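Here come two complexes built around subunit A, the first alongside subunit B, the second alongside subunit C.
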Partner chain A sequence: MSGDAHHDHAHAEHHDHSKFYIKVWAALFVLFLISVFGTLTPWFFVTIIVGFGIALVKAYLVVRYFMHVDIEKPVVHYALIAGLALMVLFFAAVSPDVLNHEGSRWVNVAARAEMERREAAHAAGEGGHHEAAPAAGHEAPAAEAGH
Partner chain B sequence: MAFRPIATTRSATGMPTGRLAIWWLIVSEIVIFGGVLASYIMHRIGHPEWAYQAEHTNLVAGSVNTIVLLTSSLLAVLAHNAAEMGDGKKAAKLFVGTILGGLVFLVIKSFEWGNEIAHGYTITSSGFWAFYYTAAGIHGTHVLVGMIVMGFVAYDAWHGRELQRIEFAGIYWHFVDVVWIFLFPLLYIAS
Partner chain C sequence: MSHPEHAHADHGHAAHGDHHHEMSFSEKYLFPTDHKYIAKQYMLTGMIMAVAAGFFAYAFRMQLAFPGMSVPFFGVVSPTEYNSLVTQHGSIMVFWVAMPVLIAAFGNFLIPLMIGADDMVFPRLNRLSYQLFLLSAILVVVGWFVPGGGFGGAWTSYPPLSAKAEYSLTPAGSSIWLAAVAVEFAAFLLGGINFVVTAMNARAPGMKWHDVPIVVWFICIASILFMASVGPLIAGAIMLLFDQQLGTHFFDPVAGGDPILWQHLFWFFGHPEVYVVLLPAIGICAEIIPVFARKKLFGYRAILYTGIATGVLSFFVWAHHQFVAGIDPRMANVFTITTVLISIPIAEMVFLYIATLYGGSIKFSVPMLWALSFIFCFLIGGVTGIFLGASGADIYLHDTYFVVAHFHYTFYPIAIIGTFAGVTHWFPKLFGRYMDEKLGQIHFWGTVLSFNLIFIPLFFTGLAGDHRRIYNYNNFAELGTPDLQWLRILATVALVIMLIFQVLFVYNFINSIFKGKLAPTNPWKATTLEWTTPSAQPGHGNWTPETMPSVYRGPYEYSAPGRDDDFHPQNVP
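Moving on, here comes the complex of A and B:
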């Protein structure tokens, strides 16, 4: 009941914030344009920084001003942080085996074979592009070898 | 007075139970999408050759869909604003606009996928395309589910009932928007 009472109270005091939300949307739109034009630069590093840096800013604006996470109870913040922490833990635990294709006592033969096959195809001018649907017998072994 | 389950009227945390539930749902979604995105990122870094395949994603379709989702999120928060002011009919109309945004997103996505599949880029073509279709497919499913839920919520809001659900469904929709904000550079820009 306290939740309903809280909401009733909010209704009584609420003001129209439409113009503010439209300004946030305009900011999101401008950031989106910058991220797209960032892809036109010849430097891959700039593209990545612009693309992901702006994605973080856009996500912040949506979470802060559209989802109103800043006015939520601490329990919501704790839950969100726990979810994000689990994602980071997952990445930290698994990524060494994925980012590296060999260690002191192991080699990921399939991953290397996939890389070499794709590099060779690209060097040959195919670029991984299929003008027509590939025959199943042609593609399946490569997919298995890679993953 | 209509019967209401005790779970909808009791609050152990000091916040409406429905809003707590939607945040709990979002935390579970973070684990789902976080797992997919983290897997994609580590594989993308470990396989530089994926860049050759990422070049074939449709940047124009992805860009238009980004604008569509951002705009639908604006309509959702404006619906929340209207609901807070007690205007259920306006909130319902704005939610219908949000639903139409989701529909446009899915139509564009279907044309995009159709074109890619016609060119031979299927979910079994390579690791990159497997992630592409899995991540975008899970996201698209969430868009569809959100549209259906918002349809029911908008119907109730039109009749002046359960206006707080406008906020709950809106929070979910904004989260779907946030996921796309990260999928866009991962799938369309990082090539």
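Moving on, here comes the complex of A and C:
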């Protein structure tokens, strides 16, 4: 009898677990839909928030619940935090060089020309911006030669 | 951390029933899972690669000393071959000599023995790690024989030179080299996980964190540094492979890509990598010095914490390799400060080693000579590094032979002197026999004196402005400095002498394996646990269930008061 009770208990617990994970999955699915349709809105800041913000929330849910970090030992948390910290460090130190197209004694001519060309294409084709992308590769050398 | 358990607890049934059964040839040498044999495999592979890399150094140094001559055993060195030789020498010495010998071989051999475990906690993962490493070594060797020859874009592999076949002139070699490096990293990730998990979970009963020998600590810290830093480089290597093979432009400035990004990705790994190989070597010295000074290691915790501090700081210094690459000058200031900061823990560590020697009863056996010469040579490397770490001085010194001399004064003590120190110290445990002491002394003096004769002249040619990536100085009116040629010749002759002395080591090593004097279990009267196992055990496992050690004290109890013999082993109550 007690064996049966134990079995039932375990079964119920298992059922609860599955329910919980299905809930997390449903939340991920809803977030996914928002991230797909959110990018179709015409407002720039909304697409940014949708693109990065929802991705962060989804990553958090997956890491915490599906990768079982919530029930892991502290050392796993430390390793994760150290990895994130190193990523922030790397990005912070590299961005002044790599995200800029000019510094006090240098200019990345090709990159700047490419950005200017894209901005011009974007401004010229408001609404029809899909055509701008394929032409990019062909015109870049010409812009380079212009400098 | 809860109380440590034995590694053998889980696989006890499988391993202990036949604890001392003789292993078959394939179990022992082809597909071993025993950490001792995997360690020997790593060591042997690393040594074979070192012979190749040493030969490459000989060939290109001969070209620099005697431009255009037909180098004996090689022939005339062409410009493309020169680039390949330099590249392969550098990358092999770092990735296929220092890494496998210092971390993988000594890590595999020492960690289970020193913490009182029968094996690594993941023996099959360990075997896979070596097999992947062997694959990477075979790949890099194959790269020498493909059309165009071995990769010639320097071990740092800077694009756009490395990204385009028409610049590097080694279309297939460069991609094979990248693949070999990537496979090798996978091998060391597996090994590193194994080291850390073993040290965390398989320590002998009673062995608390501060009873773990320094070398075990340092190999684990090095593994963590490697694991934390290698990600960006693997990502970068794949991007570079795409640039080479699929026509992408991640690092191609003509199409708006950014070559500086590669330098960041590479050095974010590359600088911690210096400490990845340094820490095991300096840890080996920490084991040797107390044994041959018969004195307790001075400041165990201080040494440990300086090691950890060095590891943490090593993540904040990488851009000092890029001061003249066009990085933001404000970042150059920051990285100058962090670079100079890292000399504090390292200097403290050196002082602690010297303090260990003070008042000791020093015996100049061969392992001790190597350990002391490590400190001497590494000190020169460290002090000259301060000039290069300061961005102002680096503007002049960058890419000169001063840099070459500096990093050889750090890397040679690490990869070569550290290895010789470790091999000569643990040889009785590795093979159950002594190495010949007299041959060892001759080899030591011949190697260390000629090493200094190679690189001291290069400090001076570098200060005089000798650029380091030149095939033939006579090709450039403004670089051809005939008055410095005698220094280049001196360095080359010293290199040849040093290489000849290595024949002595190879002879001593092989001869001693078979004919050396039989060594007892604890030949140096040392305190750590590896000296409690029978030397050169025949079967899998290190102790029988009855002799598994328990630990009662720290690892460096020499000149212990109140004892007849002057040492107090960790396992003796």
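As a convention for this text, the second predicted complex is superposed on the first by the 95 of 147 C-alpha atoms of A that agree within 3 Å, B and C clash if a C-alpha of one lies under 4 Å from a C-alpha of the other, contacts with A are read in each partner's own complex, and residues count from 1 in each chain.
As a working rule, a contact is a pair of C-beta atoms (placed from the backbone, for glycine too) under 8 Å apart; a residue touches a chain by one contact, two chains touch by 3 or more.
Predicted model only: the values in this text are computed from it and were never measured.
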Checklist entry - Who does A:R64 touch here: subunit B (first), subunit C (second), both, or neither? => result neither
Next on the checklist: Applying the document's definition of touch, where does A:S18 land relative to subunit B and subunit C: first, second, both, or neither?
Outcome noted: first
Next on the checklist: According to the stated criteria, A:A93 is in contact with first (subunit B), second (subunit C), both, or neither; which is it?
Outcome noted: second
Next on the checklist: Output check: A:R105 vs subunit B and subunit C. Expected answer is one of first, second, both, neither. What do you get?
Outcome noted: second
Checklist entry - So, A:G83: does it touch subunit B (first), subunit C (second), both, or neither? => result both
Checklist outcome for this item: Of subunit B and subunit C, the partner touching more residues of subunit A is B
Checklist entry - Can A:H122 be said to touch subunit B (first), subunit C (second), both, or neither? => result first
Next on the checklist: With both complexes superposed on chain A, which partner does A:E114 reach: first (subunit B), second (subunit C), both or neither?
Outcome noted: both
Next on the checklist: Based on the A-chain superposition described above, do subunit B and subunit C contact any of the same residues on subunit A, and if so which?
Outcome noted: 82-83, 86, 90, 94, 98, 100, 111, 114, 140
Next on the checklist: Give the list of subunit C residues in touch with subunit A in this complex.
Outcome noted: 228-229, 232, 253-256, 258, 260-261, 264, 268, 315-316, 319, 326-331, 334
Checklist entry - Which part of subunit A faces subunit B closely enough to touch in the complex? => result 1-4, 6-7, 10-11, 14, 16-18, 21-22, 24-25, 28-29, 32, 35-36, 38-39, 47-48, 51-52, 54-55, 58-59, 62-63, 65-67, 72-73, 75-76, 79-80, 82-84, 86-87, 90-91, 94-95, 98-101, 111, 114-115, 118-119, 121-122, 127-134, 139-140, 142-143, 146-147
Next on the checklist: Applying the document's contact rule, which stretches of subunit B touch subunit A when the two form their complex?
Outcome noted: 9-11, 13-20, 23-24, 26-28, 30-31, 34-35, 37-39, 41-43, 45-50, 52-53, 55-56, 59, 63, 66-67, 70-71, 73-74, 76-78, 81, 84-86, 117-122, 124-127, 130, 164, 170-171, 174-175, 177-178, 181-182, 184-185, 189-190
Item to check | subunit A to subunit C touching residues, read off their complex | outcome: 82-83, 86, 89-90, 93-94, 96-98, 100, 103-106, 108, 110-111, 113-114, 140-141, 144
